[in-house]
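Next come two complexes, and both contain subunit A; in the first it sits with subunit B, in the second with subunit C.
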Partner chain A sequence: MRRLLALLLGLSVAGLPVVVSADIANFDLAGRLYTKWLYRNNDSQGVLTYGNPFWPDDIAGDNGVGTEFELKIFGRASRYVEGYARIQSRFGEMWQDWWESGERKYGGDVNTSGDSLGLNRASYIKLRGTWVRAVIPFASWWSNTVTIGSSDLGMFNPWTIGKVRYIDRDNGKGIFIGGIFGDGIVSYDLAMVALPKLYVGPWWSTGIGDPSLTRPFYSQDWAYGAKITVAPDWGTFTAISTLTNDVEIDMTDPDAVGSLYITCQDDLGNPIQGCEKDHAVDYFSRYMNSVTTLEMQLDPLDWFSANALYGVAVGRLDKQITANGVAQNQGVSPVAYKDTTDLAIRHRIELADPLDIGLSFQFEYFYIGEDWNSIFASRRESDVLLTDGLVEGGQLPTLNLANEFIDFDEDFVESCIGWHGNTAKALFAWEALDLDVEGTYIQYNTNAQNRDVDETYPDFLHSEGYTDTDLYDYANTTDRGRDPRSVYRRNQDRETVVAVVNIRYVFDVLEGLELAGKGKFIWDRDYRSHTSVEDDYTGQIWKARLKMGLGIIDGLKVEVGGQFDWWDEENRKGTLEQGYGDDRTWKAKAFWGLTYNYEGLKFRYYMEYLHKDQARERDVDQLWSVFRSKASLEVNW
Partner chain B sequence: MRGDVHRLRSAAYRRLTVWANVGAVLAFTGCGLEGPIINAGTRDKSTLLPDAADNVVIGAVEGAPDGTVVKAYQASGKPFGGISGVVAGSTFEVRFPGNTLYTGVRLEARWSGGQALALVPLLPRQKSVLDPENLVDLAQEAPGMSPLSATSTAFTLILWGKVLSEGKGAASLSPGVIRQSAALLTAQLTGHNAEVVGFVDMVRSLLSGAGDGGLYPFPGLLEEGGGVGDLVDADFLAAHAPGTDTEAFEQALLAAAAEVDVAVCLAGDRIRVVFLCDMGPGAMDGNCNEADPFKWAIDDPDKTIYFTGGIHETTPVCGKDIQPPACLDQATIDAANQVLGNWSPNMVKMFDDGTRGDGVKGDGLYTLALELPYFPPGSLATGGRGVRIGYKYSWGLPADGWTGTEEWPGNQRLMELADLNGDGMVTRADVFGDEASNKDKANALSLGNGGCGPNYWENEIQAGCAHDTRENRVDPDGGCQPDTWPQPGSASPITVDCPM
Partner chain C sequence: MYARLACWTLLAALVSASLPTVADPLVSLKDPTRDDDGPGVFKYPTDPVYKPGTFDITAFEVHRKGANLVFKVTVRSRITDPWDSRSWDGNGFSLQFAQIYVDQDHKDGSGFCEGLPGLNVKFKKESCWEKVVLISPQGRSRLKSEVRQKAAALEKGVVIPKVTRVKGKTLEAVVKARDLGGVPKKGWGWLVVMQSNEGYPDRNDLLTRKVNEYAGKHRFGGGSDWNCDPQVLDMVVAPGKGLDGEKEAQHKALAFTCNEADPDGSPLVELPMVYP
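Showing the complex of A and B:
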């Protein structure tokens, strides 16, 4: 008995700490609190400048403050298997909402009860993303990682399946296999991704909302991707091929609910040959988009590198089960209403300080066919071209851009479908000075006369005028210029020159005084219809920005600056029938802000005053006088 | 050394096995690959087929200017919604859906200074959806009815008046009768038959004043219960033909009609059964309250009304105790069950598009016209039972299930086939979701309206209890008193050639 007690005591003393420490070691938690303030001298309420342009959301607005909480949980089941889950509160509740419960008891009526605004305004906690990851070392020279669950889809490239925007970072789910041969010379990725019901397809959906479908079927819609990379010492070769496949029910199948032929009889009641109920329902592809790229990166010398990317994009659309979004949705559609096939080419050469004087050069040739479209490409937060472009947020080879769910201080992206041209950049770095100069010439594969924008090519309704991304509105009630997705016009004969200079110098004052300037000039000529010279467009867009940032103490930095825009646009807007008008736009922006990092706390404040004066020949002039600010406080632990 | 190699190979083999199994599981259990593979291997051969091409009636109108509208009326009297033609160069064409058989369609053209009627004997249903448009030349189909003129108008009125005088509806005119009668009247006209010539002259005389003061001699639409005298407008006669009154017109018409024999022979063992289901707003239930169609069913803009049912178990079945004709044999019951949908929900579609027996497109009154086996109830051998049907409506998508689509769970509607109004058809008018009409068990007919709970067949009537199991009257005036037989859409009785 004494031996037994001693054994139990020994086991409890020896075993307990081992078990406890093993549990703790297998867990890892990461938390984050994020608060955002928005202010603008207008009367809209919410905590997001640009919400969803289609679905009415209840969080967008210019005045509000809201907080979100995020908790990431990492777990290790064994040496080879890990798990992850992220739970996060819904963003959108304003501090003034106080006690909102998530109920919506009164329909759409907002009242002072705690039960009228719904879940978006109740900061409910939701499971946002999960994955399970297993490492399977097949051999010493070959290992695989299988991830099942969430991914930001960053393993491919912006041309094919693009990395999803930050707010969607855990929404993409699928099965992902990554493998490496040898010392990493050969690697590969395979992915099967559940297509989002919302945006990957005609009508920005995989069927839901398409007027031609009575019973959209989206639970078997997948994208498939394969990537192989071969990376010897002197370069990298990457081949990526992706396919998105939106399937719908075969409505001629008598087994399908909603079938046209449930009794296998035609309009006259006659039996249909080949039609038989077998209690198995067939599918058809409503829309398929396959994009393949081959990219070669060659680094033969320390100062010389070359990159070539070749791509082919194929779109296949079944018109019987896809309504015409061009004809029926005012030309607002993420796909052309036809089968498409086209190519993209990008050549890039970089000379990194070849003369050893701090002077580098970059050259790029780009060609993106008029029918190129990549439906699952990056929608924002990415850039495929070297140029600064017409807007500053980047150029992406898709009509499926997402200039939404962003605030006024975030950049817009634009579609570069049809772009064909060259960019040359010179970059000079000398001590604390950075200087770069860019020149880009663009002509357009989308130049055409009498293009069918009624039935085939989407023109996004508003195609004229330089885009004002400072004061954008989706419905274009304020004459904000061209939609960044509007690459097709009925008549276009256009060429564009972009010239940019950036300069930055850091003075050794306190924690560093940074002076930065940017100048940009865009010359944009579009002869439009060849039947008349009265519609010829010439835009001269001048932009100049100067900014000063000063680090006062460690972690605290202030900035102040200003920007001036002068847009001189002849025949900016109008029609062939009623004529065009010359418009002039003058904008001035003054801004200031500070950032403060303290022991894991990150605070940022930014405020700007924007004055815009738009003189329009054919319409009344417009004036904007806008104060707006954004602040954020973030703590991670 | 050999042992190390063996261990390495074993380890590699185990990993390969694990990896192959993981791959196989991933590939075939939800990663999106199995669907396309299985779908490709099991695809049916169903194909999308076109709808049947139209039947196109072509003809001419005597004296009508270009632009004159040619209206079409169903044999039952109602105008076709959305079906008409326009005279151009004295000819016209009127398009009818090719998926529906029409008989006795009446055409009418009106213009300032004229009016003309004609009957189209038959517009057959197309044989194949791949067939081209079927051109029906009225001059060949019924020579006496083309061109539309005073003569065709007189012939139309004679036939119309003839069946009215015999207490039948115009829908009972079979195509053969129309063709033969038109040919006979043409022969009598050319043979100077006094009655026919006299009536044609009277019509021609009346037509000379057509359009004056906005009045026309002959009504396009005959009111419910109208007789021969109502085939002429009394106001027109008073204004333009003071020497002629309705009695004189009726007398002349019937005298001419006596020269033709309009025999109507109905099929004895089959009957046209028309189900009308009202889904329109404001439809009233059996208690004269507004019906709630979505008490059980769930609405959806893509849904439509379906019918399903079967021969009721109390229908007499031919056997040793009961002999034909007052019974149905098993094969006939099986075939009828198939026609009725055999209690599979959302398979037999009803129509509100003006085709397949539906009267007016988009009026919220859905129609299903069927041909069902029939014998008149009342036989002593069967205890008075006739052919009985249990049925129910559903509001669903094609091939949908019961949940969220049926009028109500559990119970069924009852109907015994009996032609109570003598029109050669059985027409049952229901309101979707009406639990106070012919619902069998938990019937919601109020006590004040005679409701006792269950609904009883005619031979099981309980004293003091209302019952509703046969073709029924409707209440178009909203007086809470069903007093009018419903129009059976564009459906016609099943007629056969009369025995010689």
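Showing the complex of A and C:
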């Protein structure tokens, strides 16, 4: 009986639900939901202000709401090996798209079937990035980390192989080895990165779309990078050398598919000397770009630091297998159509409140040669110079900038190739006051007469007038001024002065009342052709912005402000033959917004009214009256 | 000639008179270099943004500026902003998150005896704190929201600076003196701890980047995957003069043990204050 009771008890206990937890110790999951609303008083539909400038762009537009989801999975296989994967839905489907399947069953015609707009409107889940990482401790004083798979390429610098932009952070894949000696005093990185078939190279590709190639070959295109850093307590010394190499098939090789000499005979039927089938295909480099920098950061004192960066960029282009993007693409090309070699130098000194009175200084000298180009440099979300520059998003030493896939409230970047000058900044921080003043003088190594912009140097078609990043359009159908990549001009003799003042004060009102102002003046003169004074350009650009932010309750902050621009440009655009005109532009912008953080939810709203009045001497005046807004809701867990 | 000289002299005098005067700090502590390894075993994450010295406290000072107090925490390497904090309403840096605990009465059990969520520390009963100043890259709005959500019981003691900024290697926070309960007095205790800012923290952590058993791309290593290890990379310990012995004292203070049967129930380390 006792045994029976014990058996029954045992069975009943076994039948009870037991608390079981999945083995998640090796997993780390992170999810994110992001929704964006975009509206403007126009008739375009989409949830991205500036999409792909390359045709066909099927997601850009100013009116819409869309959501994306991402899931990051980190896992640990052992104490030394971990893995990662990120899956994310494609952004571009609007809520109104409802049951869009992503097919194009009826060709390109819009229809009501729900099978019409393609995958960009279908929120499909895509594997966006993966990596496996192994830590290999050779000795207690020497460890290596080997990463195979995705990387944001942040181990180098914006001059060489740049950190890729946030939306592309897992797209770059390769093999990466990072090592540390001792207490981190010496470290190194080695990388072999798969070149993106689009954007790194002439014609923004590693062959695809190049009219001179019948069979673009991109599966053996790589970039290589090496970095060594020595970092004693008083400074850091970093040497980086990179090489991007785009190879193509030797079409004279009889083993290549579509070879010009498949029978090893010329047009007359004579055997070609040295031509022999060996079941192996040879390659040539279509384009190579090598960039090397040496950077020294000296921090001998807490309040004093000095930085020096020296770089050399070399570009080699095989004209036999690279079509001329300058001549054949209206001057829109990320490379000059020739072999190039040039230098870059940057010296920077910072005195961080040396007298302990809140006053700091920064000085910078910069020189970027006219033939410098780094094809795999940072394309945005980085800045190599101290100055506020001509546009506000930063300066980068490449023609390969990315001012696309952004919204109207995001900054533009500009190319600083050819810039030569100095910046001085004084920064005063006292209690709740921050005040800084900048003065920059720029000459241009790209100044030249009769520069060949027909065959050699890309001028990006539009080199004239101050750039309007508020109302930008790639095709320049609305006279938006200079392309931020346009550093070459047929005739240029230019110099620029930039003066900026920023002020910010926080008052003790509610959760803090922040008042911020910015004033900016740009004096830009270009004598252009030395044969005439009729084309001499002088631009005086004035900008003033005032913004007030107020924290109302925990997590809620509102802001309101306005900006006024006055651009006075003599001989803004035209030709010597047709003449030039003096244009005047004034813009007024009023904006307000709020941010709200609530229990892990982040909401942001921004709305602006923009009025632009452009009086043009030789063209019809232009008027803009734009209301537009953007909101986002983000939840992470 | 003399008139011009007199004018210049007068101008110089006016300018120098209008400049703020340099005053001795109310509190000044030093910390040894290369002790940003918590209990002696913590390792930095493997991503290159975590440069050596990023979390290595070398000095801490408190200055009085009118009705405000300025807190300065200096680290070994130049402070950078790799994640562009201005784009998320931040303060010009991305990685560091310094917390300054203040014991204003040095009485047993008086004040809060636990650290902010995610730090995984307690305080010795004679060193419980009344105020903690947060020097975070996160904007005030996010910080307030996080504190309200995750540290409501401690909120009364949390001081969020009205301004947080970077100067070279120094994090600087401007705090209203009245928010701290007045100008620091002799006998107050101080504990400066450094952890790393995490914009996407665990549900219960106050913006803490985790220290795990093994270092990951954005995770520190050398600790535990459970919550039994202090998430402190560096701290200032007595006597606060930057002596070599302080490194050992820090390692000892942060040494943790995890109970295998109930890791999250393990006793947390108890941190000491510095009473300069």
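Definition applied: the second predicted complex is superposed on the first by the 615 of 637 C-alpha atoms of A that agree within 3 Å, B and C clash if a C-alpha of one lies under 4 Å from a C-alpha of the other, contacts with A are read in each partner's own complex, and residues count from 1 in each chain.
Just so it is clear, a residue touches a chain if its C-beta (ideal position, glycine included) is under 8 Å from a C-beta of that chain, and two chains touch if they have at least 3 such contacts.
On a predicted model such as this, the values are computed, not experimentally measured, just so you know.
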Residue contacts on subunit A - larger count, subunit B or subunit C: C
Subunit B versus subunit C as contact partner of A:Val146, first or second or both or neither: first
Which of subunit B and subunit C A:Val312 touches, first, second, both or neither: neither
Which superposed partner A:Leu556 touches (first subunit B, second subunit C, both, neither): second
Which superposed partner A:Met155 touches (first subunit B, second subunit C, both, neither): second
Which of subunit B and subunit C A:Ile262 touches, first, second, both or neither: first
Partner chain in contact with A:Ile503 - subunit B first, subunit C second, else both or neither: neither
Subunit B versus subunit C as contact partner of A:Ala631, first or second or both or neither: neither
Partner chain(s) touched by A:Thr214 [first = subunit B, second = subunit C, both, neither]: first
Of all residues in subunit C, those that touch subunit A in their complex: 19-22, 33-34, 44, 46-49, 51-53, 58-59, 65-66, 68, 70, 74, 76-78, 82, 84, 89, 139-142, 144-146, 148-149, 162-163, 165, 167-170, 172, 174, 176, 200, 203, 213-217, 225
Of subunit B, residues touching subunit A in the complex: 12, 15-16, 18-19, 22, 26, 31-33, 35-36, 39, 42-52, 98-99, 125-129, 302, 346-348, 397-401
Touching residues on subunit A, where the partner in the complex is subunit B: 134, 136-139, 144, 146, 148, 174-175, 177, 192, 194, 214-215, 220, 222, 224, 245, 247, 250-263, 266-268, 270, 272-276, 278, 280, 282-283, 320
Contact footprint of subunit C on subunit A as seen in their complex: 25, 30, 32, 74, 76, 79-80, 82, 84, 133, 135, 145, 154-155, 178, 183-185, 187, 189, 231, 233, 236, 297, 299, 302-303, 305, 350, 352-353, 355-360, 381, 429-432, 434, 506, 508, 511-512, 551, 554-557, 595-600, 602, 636-637
